[in-house]
């Protein structure tokens, strides 16, 4: 079962671009993580971390870059996720430029959960789709 | 003449923290820049850059760190600015943690404008207080 | 034909970690890029950019994260590359922790070259294996 | 008493620049930190952190930006430090561009030490000049 599609807007700032004039490729991973934290809820993640020492970790990231976003773009990040197993959550995320006909960047991000000892644990139910 | 105080909220994400558990010090400069771009208007800055090659540059930054913001904090960035001369704009900016009694971080940021040749030019009137 | 394996060391600094205590996932893409720039030669890239407006862009990045590097680790980045076509260079890169038995992070990074107008161009011969 | 001057070289990479073509201002704080960690010794800092939970924190950073470093520059970071008191170490740091006649960026960085509870503690003797 896949979640509904979540959409948030992210402004491209000076700090995000590089000297070629477009967003530095690694920064899309930051945008995608901000979107995931927004969907799951920053406060849920904080509580999980403080009370149980559980955190999410990216296990795999397959990213394709089709177009370069520019300074000033208001990107729309679209996110869906599904549980692949008790231990793995897979997010399909896209970054859309204003008036884009296709996504500028697409990614499949595989997440796992780690306990305080950094061992794999089942993903807590509170962050299911 | 000083501008009114502008306030925007910025969420602290994983990417902003370091292994000591708090926001990495250099990242407050990013927060402060995001706040300035918000006040001046990203589209104004983009137009200025594309049409005339004019950009802002930080000339001086005096920053004091009193408290460390944590993952999940929704910071409030408070900003005021004044024209010190035709060539220099000085911003007084603060980062407040939720329920903070004092600002966590304060900064005086001096901005100048550079033309396409990276020579100093007067600050365009459109971004005056 | 694949290039020989290049190895460079990269120190993990405060700035690279996040509050979970390990390197923030997006930062490995920065490490891998530093390694590629080292192999190709920063001065070659600068000349290409200044004289012809040609730059490299990441077109695809498939990254797998097996272990988290910590503050203070001296990582070894191992890189090989091959020409997949006149237009595409594929890098196989790994990040090894000190005394690691397996790579901590592995990646396939696909690069293309863009001209001044951001249109695809053949990869210049000077950066062939 | 001031320490001798330490010099290390830092390569400016794509990731460090922004769309205006020069190094993003906040990144000099990262360069300066890398230089300090180099002087003190990353392994010393790691041991301090793991064995005692003691870490350094930047308390104050006064930075002046005179010139913008470009992609490909091999910067020289020059650092001196002194103990201002048992609790405060002040670093005078400069970033020099290749063939620069003056430093591109200068900074006074005030450091303190924090214990596991994030309370101020005297700076351990092992990192004295």
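Letters are used for the chains, namely A, B, C and D, taken in the order the chains are written, and counting of residues starts over at 1 for each.
The working rule: a contact is a pair of C-beta atoms (placed from the backbone, for glycine too) under 8 Å apart; a residue touches a chain by one contact, two chains touch by 3 or more.
It should be emphasised that the depicted structure is a prediction, and the values quoted were computed from it without experimental measurement.
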item: Shared interface numbering between chain D and chain B [over half = same, under half = different]; value: same
item: Farthest chain relative to chain A (centres taken as mean CA coordinates); value: D
item: Which of A-C and A-B has more C-beta pairs touching across its chains; value: A-C
item: Rounded Å distance, chain A centre to chain D centre (Cα mean); value: 32
item: Chain A and chain C: spacing of chain centres that average the CA atoms, whole Å; value: 22
item: Centre-of-Cα separation between chain B and chain A, whole angstrom; value: 26
item: Shared-contact residues (touching 2 or more other chains) in chain A; value: 14-15, 20, 26, 30, 33, 49, 70-71
item: Complex contact set, residues of chain C against chain A; value: 20, 25-27, 29-30, 33, 49, 55, 57-65, 68, 114, 118
item: Complex interface listing, chain D residues touching chain C; value: 11, 13-15, 30, 33-34, 37, 42-43, 45-46, 49, 70-72, 74
item: Touching residues on chain C, where the partner in the complex is chain B; value: 14-15, 17-22, 24, 26, 70-71
